[in-house]
């Protein structure tokens, strides 16, 4: 018998039954980053004025992907989301881009996966738009930074 | 005017026109990893016998997500794929899981994004199945490792 | 700072947080039309007997699309729908087709966008099925005609 | 006027309005089977040790498809699901595979279609993975075996 | 090492590489049936005049689902389809409905799964529209009846 | 027998068989508009500086929707697209927004529906982002303006 919630006693992958969990307001935040060459970052920052579409495109892709989480992650529960925000900040120190997502719902299960999915697809979209000028980029440091609501209460990384 | 292929002269995000590119056989490989606590890794490795469903589930999620790349990444071109393979290996050294994806097509544009999307969603699926026992996991080191076909020829990281 | 609900103070597109809104029964209705040549309309009306599949196909496409609204409109909230009806009426006066959609839910946000999406895709489906005989068709007059439920109460165009 | 719930008085297909139905816990179970040659079954059972990926793949496909039911079945209501389980058992007596699905929700309408869709896509996935060695397979005996919750109470086949 | 094409030498599920296969015109046909009570069949046949929307709705759902095959069946290749036809015939002898699908493409792999998926979802849609009047229906006899194109040539059940 | 290409001789909706059509480069352009109050237009134009996210969001939604055309329009053929561009221009004369889409492919069938779908969803996205300040907006004048490639040659509205 497994101690892993997503495997049953026969080792079979399953969606956990959340039907008995209380319906509460829940939130989760996640972060990630795209590392790139300083020249690539400079190009985007130059391109930001006046239109900013690299970052805006990636933020939007992250928001839309968060809504598709249950279709992408096999054992995730489909649930309505009351808010999704994805914010991308260029960072000279990396150099690269910091990506932050915040997701809220009122439901029976948490939304960490939705926040992580938003971050991941935003990073992939940045990568897609910049890959013609920078082959060596890397996506990383994707993790949950805060979570609230549900039986386990609030949690902060 | 931008030097970025995905912005037009007005800074507007656009799908690059690949209509004039030759139809060639193309391949791409990408990698990534999920870092977790040694206890989490041990649980999965124990659970692997006899069924292996954590890893099998995440590999399959990666394959299926690679096929949805053009729906997830706003400026990606929809294209038929002739092969998608996602392989996950537990690694005591990390500790965690190494994820590798290989994608092939015959078409007018490369498949790096499909390989990266397969890796990313496989990592997220591992995260989802293990998050109940390990809150501090981190996804990272996602990058393209090889690419072949198309005007720019072969490339290896 | 913007007065537009879908932009944050930095001008970034966002999903509005509806988490504090009351859960109420909500409904919305929308209309639209496809203008075509009188001969095109006559062909459909003749084809209606005995099977009616042009109109039935477009109505069904509208219903199915209404359920995909949150996947299509970037900042729309995913929400369960309790009813979707799309009705198409041939109209000799236009000449063309009148399309009407009615959507109901019990939730935290309105369903105008679902009704409008149902109307739009129904119009596009009519266009698709008739474009081989009529190149000059036009879709128009798509608007919300009624809305009820939620903080702002009922509204009629 | 039709006695069929999914046709209105004009014979038009429609989503039934479930807005007045009580929100209750609901469950449904469905079964089905894939009939194949005894040699095909033997190959899978041999392949099961040590990895079992034919069955695991089909079970997972069933779970994921159940979550897409409202996108596939035109007049189905989109609704959150609290649990989906798909279990496949090789059966020498058929010979073939027995597929069983159980779906739970808390909502205004039943989940028979979600259970049936999970069974159907699991059967199709088995078929896909085995068709290179067995052209004559057949999918059948797909039906609802149990249902609970809602106005009509519990029901068992 | 497995003799199953969809498992690699380690037993891992994989998409078969079709990149070396010739691009040929391919077709596949599949059938299936929904068994119901004679009264249910009579209701549909009565309802058919004048609108026929139960059958038209299910046929259309089958066509649309065939186009989603690669998203539903994990190891199926995404490929453009040049034709999809789904035809449903009421049959007093069963009693019930016969469902037939025919799919065509020009590509590197066959379209049996597309035909089978079209049949399956058409059957499920009939079930959905009739389940309020008939709880004991059963879907069955789903199989491939003909296949042409590709290395293995034509085949007929 | 119907003269409509999308109905067979029995009046049944069908996907036209394009398997015999030549593979050629094809393009289509479509336009549409959103009419709004002058104050609404002014708000967007003010908000455009410096970020422009209302228009960028709607353009991107149009591009992404064009790629989903075959999933939305029941009898459309799925096909790879080599380019999609959606451009939105504020227009004081309307007052409102002009939407223009251009789609290219190399395939067996035209891409008018993809261009029209891009325009329609871009209009709906503008509507969604502005509906909180303007209830009386109207979407209209959606039509094909140019088409090239294929048996019927070039065409301009």
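The chains carry the letters A, B, C, D, E and F, assigned in the order they are written, with residues numbered from 1 in each.
The rule is short, and it goes like this: contacts are C-beta pairs under 8 Å (C-beta built on N, C-alpha and C of every residue); 3 or more make two chains touch, one makes a residue touch a chain.
Quick caveat, the model's predicted, so the values are computed rather than measured.
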{"item": "Labels of chains that are neighbours to chain E and to chain F", "value": "B, C"}
{"item": "Other chains in touch with both chain C and chain D", "value": "A, E"}
{"item": "Farthest-lying chain, centroid of Cα atoms versus that of chain D", "value": "F"}
{"item": "Listed pair (A-B, B-D or B-F) duplicating the E-F contact set, over half by residue number", "value": "B-F"}
{"item": "Proportion of interface numbers common to chain A and chain D (over half same, under half different)", "value": "different"}
{"item": "Chain of greatest Cα-centre distance to chain B", "value": "C"}
{"item": "Centre distance in Å when chain C and chain E are each reduced to the mean of their C-alpha atoms", "value": "30"}
{"item": "Geometric centre distance via CA averages, chain E-chain D, whole Å", "value": "15"}
{"item": "Mean-CA-position distance for chain E and chain B (Å)", "value": "31"}
{"item": "Residues of chain F whose C-beta touches two or more other chains", "value": "12-13, 50-53, 56-57, 60, 64, 68, 74-75, 80"}
{"item": "Contact graph of the chains (line, ring, star, complete, other)", "value": "other"}
{"item": "Every chain pair in contact, whichever chains are involved", "value": "A-B, A-C, A-D, A-F, B-D, B-E, B-F, C-D, C-E, C-F, D-E, E-F"}
{"item": "Parts of chain C lying in touch with chain A, wherever the complex brings them together", "value": "8, 12-19, 70-71, 74-75, 77-80, 107-108"}
{"item": "Sites on chain F touched by chain B in the complex", "value": "25, 56, 59-60, 63-64, 67-68, 80-85, 87, 104-106"}
{"item": "Touching residues on chain E, where the partner in the complex is chain D", "value": "2-7, 10-13, 32, 43-44, 46-47, 50-54, 56-57, 60-61, 64-65, 68, 72-76, 112-113, 116-117, 120-121, 123-125, 127-133, 135-144, 155, 157"}
{"item": "Of chain F, residues touching chain A in the complex", "value": "49-53, 56-57, 60, 64"}
